[in-house]
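Structures given as structure tokens follow.
Both of the next two complexes hold chain A, though its partner changes from chain B to chain C.
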Partner chain A sequence: MDATGIGLWGVPLAILGGAIRVSTPFIFVSLGEAITERSGRINLGLEGTLVFGAMTAYAVAVMTNSPWLGLLAAAAAGLCFGLFHGWICKFPKVNDIAIGIALMLFGSGLAFFFGKPFIKPKAPNLPAIPFGAWSDIPQVQAALDVNVLFLIGAVLSLVLWWAFRNTRAGLIVRVVGDSSDAARAMGLNPNTVRLIATGVGGALAGIGGAYLSLYYPGSWTERISSGQGLMAVALVIFAHWNPLGCFAAALLFGGAGALGPALQSVGVTQGYYLFYAAPYILTLIIMIATSSPTRSLAGAPGELSITR
Partner chain B sequence: MSAITGNKAVGVETIGMSMRFGAFTALGDVSIKVPAGSFHALLGENGAGKSTLVKCMMGFYHPTAGDILIEGREVAIASPRDASALGLGMVYQHFTLVPSLTGAENLVISREKVPGVIDWRKERGELAKFMDRMPFKLPLDVKVAELAAGEKQKLEIIKQLYLGRSFLVLDEPTSVLTPGEAQEVLGLVRAMTRAGALTVLMISHKFHEVTAFADDVSVLRKGRLTGTGRVVDLDRKAMAAMMIGDQPIAVLDSRAEPRPDAEIVLEVKALKAPDRTGLKSIRIEDLGVRAGEIVGIAGISGNGQKELLEVLAGQRPRDAGEIMVRGAAYAATRAEARALNVRLIPEEPLKNACAPKMTVAENISFRTFDIDGNGKPVSWISAGAIRAFSARLVEQFKVKTASLASPIASLSGGNVQRAVLARELTGKVDLLIVSNPCFGLDFSAVAEIRARIMQARNAGAAVLLMSEDLDELLELSDRIFVMSDGALVYETPIAQASVQTIGEHMAGHH
Partner chain C sequence: MTDRFMLNRRQLLKTSAAGAALGLASASFPISRAFAAAATVGFIYVGPKDDYGYNQAHAEGAAALKGIEGISVVEEENVPETVDVQKTMESMINLDGASLIFPTSFGYFDPHMLAMCAKFPDVQFRHCGGMWDKAKHPMNAGSYFGYIGMGQYLNGVVAGHTSKSKKLGFVAAKPIPQVLLNINSFLLGARSVDPSITCQVIFTGEWSLAVKEAEATNALVDQGADVITCHVDSPKVVVETAAGRGAFVCGYHANQSPLAPEKYLTGAEWNWAKVYKMFVDDLIAGTPLPNFTRGGLADGFVKMSPLGPAVGEPARKQFDATLAEMMKGGFSVIKGPLKSNKGAVVATEGQAFVETAIELESMDYLVEGVVGSTA
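Up next, the complex of A and B:
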């Protein structure tokens, strides 16, 4: 077989590779949002957290020359954003969705402000493991070059799925998310649990941002996220708040996002722009398909402001 | 695991318990004694201080004065945690189980000490051993949301026993149960007190439960203890007198003779509509309500009554079937309701029949504000006419309000319901659809509201009454249907109605 021309087989291969590459930030943001929403809050600000995390990671990596320190800094920044959201929302009559939108704009704006000097320099990238080394076809090698964060995300979704059933912390988050009254009757403080859950959710979103700027696309620009944080929120609903579902849905979204570049790479020159819109169209289709005027969402945490 | 059912019952006593909120005395000098292993009933109207008393005992409130003795020794209870440590537990009227968790998860997470990682194999083994000693058998592996109300209530009680409590406060434990389930749950609790494993203080307003299960009774009125004694020494009349004092109670009109040939005002045929979950649907094959009769619909909440009401009120789309009012198709538009004189009294009137922040006058005028005396639409709303109209109705229906301009949300539950009745029952009424009209209201308001409904019936209105209170249905209805799992499964004229048969149909045993 000709190593450079594998023809139309390149499309599914590129979609697979793209799914793995594009899905990673979706995985982290949606797992973070799943934790937050399971505790009974919605944090729409994760889009802002994602962008700010991307900027922080890139900036720290440029200055220290270590992508891992950048990753840690992004997680810490995300944690701060999450805690801030959780702290404001504990006050009575504060709407978590409105605060989320405010923080989304705030996070992006702050990232653009601090990020200006870092648009030019080149930061070191996060490492990838070449699972495709056995093959001598470059497309296969490219598709199976898997970043460590993707693997961590896959493991994390399994761990979370297990932890929601089998650990004290997991059960407490579910209790608080489903019934504040029951939580109080058990002597739990719902606000504290939600504060922590929102903080952890923010940290995961920050990590998702670090992946954007330190691996794929791999540089800091102001248009780095293009709404992925918001789509991840939709994805959590689609996944019925199940971490494994989040992982699968993230792959699906990632694959949709890779459709445009995949078509371009095999030489489709017309209309591939339309396929760049695939993830957004998918979001819309999913939201319409899963919504219903007469029925409430199955599996939705009872304390969520959209289901209450 | 702290739970053992080798629990030994403890006796609890309050001495001179008082609770004041500012100038208001919610509880004044109440002393009651609940000996170990007894079943004590606490009777009283809404706002009589029953929950204040038990909240003081459970450490939610810090009483202004008074002491609590457990087994004759004075104890300090500063928080619910202290109360639990002393073996005091409470089963609330509203479930405190977490719906999306299974029974087993609910039990384990409610424990004081839960390991960081839960070893389900070990926990399940211990739970099975614990359940073997329990009088109730329950599935612990299904989500609580999927349990029937009776099973949930049993699980609440089991949870308290699992946590090692030996003194239980039950707050109106049967309000969500069928008569059969109520008998079963209270009977089992009764047996445990007899065996000396448990002491029970039950808040109730159902006399028949008190006489059937309790050893002693204490009655509160306006924060004072107005009577206490052995249940065997007291009859219902004596207990009712202690509860309500000497205030006048509206009497029900005698029932006008129903005419079997009266016009069928409401007719529902082959109705099909999705329920709240969207997974099931309600199906009403044939339901007719004649002028001058009250048709009651019994059923445990969540069996489709709410959906049926919403369809009749035009709040829920229907998939199939027809609704006819006096022979005309009815889609519950404002114009149709007005032309056909259809009136609606939904449950939780403040939420479902009022705009809480608008004034009493505005709320009372919702049906009439946009028409003049001759039924012609008006282009300018007259504030004066609204005020005059509502002043007359407030007077006539004895709505207690600070002023006509107060927001309706500031009124007590009974007065909100009176205001809604005033609006719905004024003018000609051909069809009246009512749902749980007396839920959570006090004695005198209940009597008055039932009297008004009976008056409307005697004046020739067709009344469809949905209620979770079987006593209310038996008192008011001419015919009773039972709704179970979205369908009308049983019909009986009032003369042949038996609580037992109705209860069995409510539970879906047929």
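Up next, the complex of A and C:
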């Protein structure tokens, strides 16, 4: 290898860099969905929320020239989507999965509609913190340019993990998710708790969208998400509804996704379709390894319509 | 709540799959509806028509028809390469009265467009690509394409002069002949400047995957490539990511210089306006439309973006000289002696394939100097 390239070191570096760069939307959407599902509802609409959040963030950032306002707007838009889902689902005989699918289509369609004029202009990006500044190697510096949202996501997953176990709010969400009857007996209104949980989940998904359009890849196009919102919802089951698990699963997905391009760049060019399937193969293996025919998934909230 | 509305896990998976399919379907909505004029021409795009890329190039061509007397244009964007495109074609024919349809994406041809050709023998279909074959396909179908490999050769000339690391990068979608020709042309253009230059290619496997394209661009820059180009539907992400990492970029499909004014060297662009006007002139005149149309720089099917500020004087000179040579026609990018990167001889001494050579449309190799594999 010549002096300008970094040769085989590029592969672990790309996996590390990819895990940091690609995982953030997965982290936020899956944490949001974890909160929602812990309260006993499934919101499949987060893919739509993600796309709409990406569009809103980009549009507001273009108009105000501030990526932070864009981020805020994306969170607010996500909150609205989540609250809408939560509000509809409180009515009897409403299926949360069907509403989620409807909102997924609605969110994407609305984002395409309003997003048309914002494909051309350029928005200011969210800042990154150069954790690689100690290194002289530009590749290392680039891989360790960590966006603040990634750090917020990491802290958030820790806080949520702790909060679910140790705080009153966490207990309320869990009891509502595990048994509506028990919650009512405690004097809680399950619908209100679920409304708030779905709203917060939507807001987090909106933030995930903002990361896509304002940092990486960093532009608004209609193809920006390519199903990442749906994958993130699936990650929650994969992570057994544990926020720390969501974080780890998102990292794994990001890193595995970077494997294909990185291997090709160092000259391992055969069978790249197989490498691109790596994240999904990994998911299958872990799912099979952790599954059991005698019990339902560990950690599954009792009120979820898929486990009940 | 009653059990009737409950779903089990298996149903959830089914429902989500259906939802994903619906999501794709709903992404396609008509963007203009017009009453039948003297003739209605339909355009179908696989992605958004302002993607700084493939679809934008076609939409710019379609826009050039809108002022023509008696011609009305209907367009639909974000149409997947599935049975959806058949429905779009049917509705353009039955509801809008389209008599000429351009399904612009590669995957629309077989079986979708061919099915429609059989169903509507009075409607003319022209597909962008090189698939039409007189022996196999109906006469109301046809293909049109441009020799844009020439443009990638010119990109390569400028890249070869600009690169300091002597390593170029190429983000490619799928290893089909047109993509392979572009990769080979890019490298051979650069090697006309310095025969030691190599080009690293990364296939993403799909025409439009924003995050993977960004990852691929980062991986190329990490490996020392300092001029990047691509063949994906929307080069926007590649151009912005490469420029953000400090690499130079050569454009493709359309002009991406507004995205990276300092780092954009030049680009190979389609000039579909010329082609679509040609077809529509025939349609108005009532003469049969050609079934198989090809053209390059000299025919005005392809054009180059203006050279960027980073292009030096020697590059400018060679670019102009090569372009002038190409404008005469009969320029060969693939000429012997030339080997593939697996060592097989692809052109012997004295053998040359001009841009019109039909052999180039079944290209299945990468030339020596390209680091990458076709499978």
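Everything that follows uses one rule, which is that the second predicted complex is superposed on the first by the 273 of 308 C-alpha atoms of A that agree within 3 Å, B and C clash if a C-alpha of one lies under 4 Å from a C-alpha of the other, contacts with A are read in each partner's own complex, and residues count from 1 in each chain.
Operating definition for what follows: contacts are C-beta pairs under 8 Å (C-beta built on N, C-alpha and C of every residue); 3 or more make two chains touch, one makes a residue touch a chain.
Predicted, not measured: the structure shown is a model, and the values here were computed from it.
*Asks:* After the match on chain A, would you call chain B and chain C a fit or a clash?
*Replies:* On the shared chain A, the partners fit.
*Asks:* So, A:N166: does it touch chain B (first), chain C (second), both, or neither?
*Replies:* first
*Asks:* Can A:L158 be said to touch chain B (first), chain C (second), both, or neither?
*Replies:* So A:L158 meets neither chain B nor chain C here.
*Asks:* Quick one: is A:I101 in contact with chain B, with chain C, with both, or with neither? Answer first, second, both or neither.
*Replies:* After superposing on A, A:I101 lies in contact with chain C but is clear of chain B.
*Asks:* Considering only touches as defined above, state whether A:I129 meets chain B (first), chain C (second), both or neither.
*Replies:* In the superposition, A:I129 touches no partner, neither chain B nor chain C.
*Asks:* Nearest 10 degrees is fine: what angle do the Cα centroids of chain B and chain C make about that of chain A?
*Replies:* So the C-alpha centres give an angle of 130 degrees.
*Asks:* Mind telling me which of the two, chain B or chain C, contacts the most residues of chain A?
*Replies:* C
*Asks:* Should A:L274 be classified as contacting the first partner (chain B), the second (chain C), both, or neither?
*Replies:* Neither chain B nor chain C is touched by A:L274.
*Asks:* After overlaying the two complexes, what is the shortest C-alpha distance between chain B and chain C, in Å?
*Replies:* It is 10 Å, taken between the nearest C-alpha atoms.
*Asks:* List the residues of chain A that touch chain B in one complex and chain C in the other.
*Replies:* none
*Asks:* Residue numbers of chain A touching chain C in their complex, please.
*Replies:* 2, 4-7, 10, 13-14, 17-18, 21-22, 42, 44, 47, 92-95, 97-98, 100-101, 104-105, 108-109, 112, 116, 119-120, 122, 138-139, 142-143, 212, 216-219, 221-224, 226-228, 230, 257-258, 260-262, 264-267, 269-273, 276, 305-308
*Asks:* If we count contacts the way the header does, which residues on chain A are in touch with chain B in the complex?
*Replies:* Where chain A meets chain B, its residues are 165-169, 171-172, 174-175, 178-179, 181-182, 185-187, 292-296, 298-299, 301-302.
*Asks:* Going by the contact rule at the top, pick out the chain C residues touching chain A in the complex.
*Replies:* It is residues 1-2, 5-9, 12, 15-16, 18-20, 22-23, 26-27, 29, 47-48, 50-52, 78, 165, 167, 200-205, 208-216, 218-224, 226, 234, 236-237, 240-241, 244-246, 258-259, 371-373, 375 of chain C that touch chain A.
*Asks:* What residues on chain B touch chain A, complex-wise?
*Replies:* Listed in rising order, the residues of chain B that touch chain A are 80-81, 92, 94, 96-101, 105, 108-110, 114-118, 120, 274, 276-279, 316-317.
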